[in-house]
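Structure below; questions to follow.
When the chains are written out, they are named A, B and C in that same order, and each has its own residue count from 1.
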């Protein structure tokens, strides 16, 4: 690839606006691949140089050669992985920002558990159906599905009944921890070996984030099935006395990945999805090994990024800056797969 | 009106600080009309050139001639409409940013319903008292009352009892949709025919946003009547895959207004107040045809405004910029009524 | 103290990052005193010139002479007071930003009540155990404990039982007010006698902010004890029509302190912790007479600070700017104790 001709590209959904705004701010040409229903919307943004439209996201591989010819570096995000699927993604030949070997460890719940355990990260208990389960539990489908298909169960009858009608084949039964959600967004630079906390968020989930507004009297009479579909994110900062712990969790995850995955390990943006209990402990439900949607709050920087940069620094822009630095230092291979 | 002497003015409440800060940033002289209890507070801000104090907001028409003489362009906001009332507002002669014909369509629930239907916008069901009502329902008074007087009813007895003591004469009985709230703030430029999403928010309502913190055991024993009085707003971003739909809803509302209201239709800032259900559908409860209080979060720009502007752009400033552009292009008549 | 050699220092926790980033932005050398578990984390920030590590925060007085020799001005925050304790703090000789006489009035619940009453501030009822108590009540330990040890009680049996096992000796029994929380962050300048609203926040408390997500059916079966441990903060703006009241409360608290405490009274950053009921009234639960953690959201400024400054202005930076101005005007004694 001719590093002077690099174009930053991504799939038109999830965090594409942030990624391409950041790329443009760092001086790159930008390209988006999207579907008809999003096309006109993405065309309204001046920082997107080119909009390529395909019929559905699953057809993405069909334009791969075009992207390779155009020197595109593809920035993956949650929807990218969800739409393409694991196998298609691994087989793509277009330059990919990130270490694809990490995907094996992230997508398999058992391997993810081994990874987090190696990093000495505290996790909720996971159960099999025939375990001695302590209820309530939350059942989650595999992959980045934005909370779609998650459900809560309070006893074995409810659990079995709901699982029997469960449309997603792969799932995990997780201890339901009573505590508040907090998602920590990290960036690890393979060039400088430096870890940064970029920002944090809490998810905005429908309908579960509206349940509390319905008084007891009415909840008693209308049965509401809680659902966990993520439709937005809102800002948060963490109690400062807990920040060093959050930072160490990120560092430990990186170090463990270098042992378990390969020498390069995890790098670039990633996220730990935590629940915090009243003893101020983090319980990590999941790791996401790429940019997460919660970073969309911080197009102009977060409380944390302003500590490290005297200019607006979104996670999207941070990715582009890493690529720019790698091009300058002739180290682009360190970043791409 | 001498366009070289334009002063941006508004009523001292609601979003006046944002409007006048934005006006000053765009180079306009600024004026506020307020009441004694707010006077000293507004005087602490350097970007407000003049504070005019009247005894009560309803006396506003008495200073109208003064404002006309001073070349004031009045920026309306939610409190402006609520304090003046529909008739007084329509009869004012001072230059008004916006199309007053829109007021007829916004203030009448049936016309608003026709408008949103024409725009193919999804709405909660509305009931009459003798309909076959599917409970729970939320009952809302007409006009911009900041959630004051809204109530929830779970059966016909409760509904009739509460309505009988209802202080507001006009109301609407709306299906209570279980889902999360999200308010989308738009700006449509009559000069460029371009629509922008400026920002989003969720409301902070007392006491309903504190109900969930009270455990079931205690809610059972102390009966709490939920209330929906808006006392603040907090930040949000929307899942990016739903943004193009949010954008289209705004566009469709503008287009429908050009058919139904008049050739100019709705322009400037407006807001769709939505509830999002787990199927990721928007249900629009209401349209507000002017600047809403949720934009007060974004004095220095929002995640969305930073995508379109490389400088801080609040909705208040966006209004002033439109006026500035219109003055330059000698098109001020397009904006004012 | 040689005012040309001033170093801004604080304890490494709570809001230290904000304080020292602000100090550096105003041109001061910076120093942090922290404990081993936070040391590496604080070393990652370029705006911290020196990290001093002590074994535990309670050993802070042992390095006092060193700090005095180095011309350190110490900026106190919530953890500073909690870790050192009242007596140690009062006896420290290192230059302290703030009026230490205020501590007597803040730390004693009866004196605080007298102070707020003098300022005509609305407060929740406080009860003694043998009062005729109207339940529910919330019981709070004294001092800045981040919500740790707070509990809710719904009748006398529960209250007595919980108090009997209460680890904190000093506590207050407060009427539980059903309404939304809002914390107002002020700064009062002793140099200009000007009061500013810097920002606002709501706390993020575990587990109480996650209770509402658990449906009625499940809360009925699993008993959850609500807890109020603050682990984060999120952004808010207040309805503009209530801002002048918020401003006046701050002003009245300052004026009352000049009568009750001493001529200087309270100055610098402080916070009123309010609950807002549906009648739009503020109920002030507590006053914090120093920088609070909620300001950590606004490293790059808040909606309110952007109204007053055309540059990013956190509360931490505002403190440093006051010190800078005092040095220039040879008035440093007005600020320090």
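Note that contacts are C-beta pairs under 8 Å (C-beta built on N, C-alpha and C of every residue); 3 or more make two chains touch, one makes a residue touch a chain.
Quick caveat, the model's predicted, so the values are computed rather than measured.
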For this session: Tell me whether chain A and chain C, two copies of the same sequence, contact each other through the same residue numbers or different ones, using over half shared as the line for same.
Result: different
For this session: Enter the angle, 0 to 180° in steps of 5, of the rotation superposing CA atoms of chain A on those of chain B.
Result: 120
Exercise. Where the CA atoms of chain A average out and where those of chain C average out, how many Å apart are those spots?
Worked result: 34
Problem set entry | Contacts with two or more other chains, residues of chain C listed in rising order | 209, 211-213, 216, 224, 234-235
Problem set entry | chain C residues touching chain B - in the complex, by the definition given at the top | 135-136, 152, 154, 178-182, 194, 196, 200, 202, 208-209, 211-213, 216, 219-220, 223-224, 226, 234-244, 247-248, 275-278, 280, 301, 303-304, 306-308
Seminar exercise, completed: In the complex, the residues of chain C that touch chain A are 13-17, 21, 37-38, 40-42, 44-47, 79, 146, 204-207, 209-218, 221-222, 224, 227, 229-235, 293, 296-300, 312
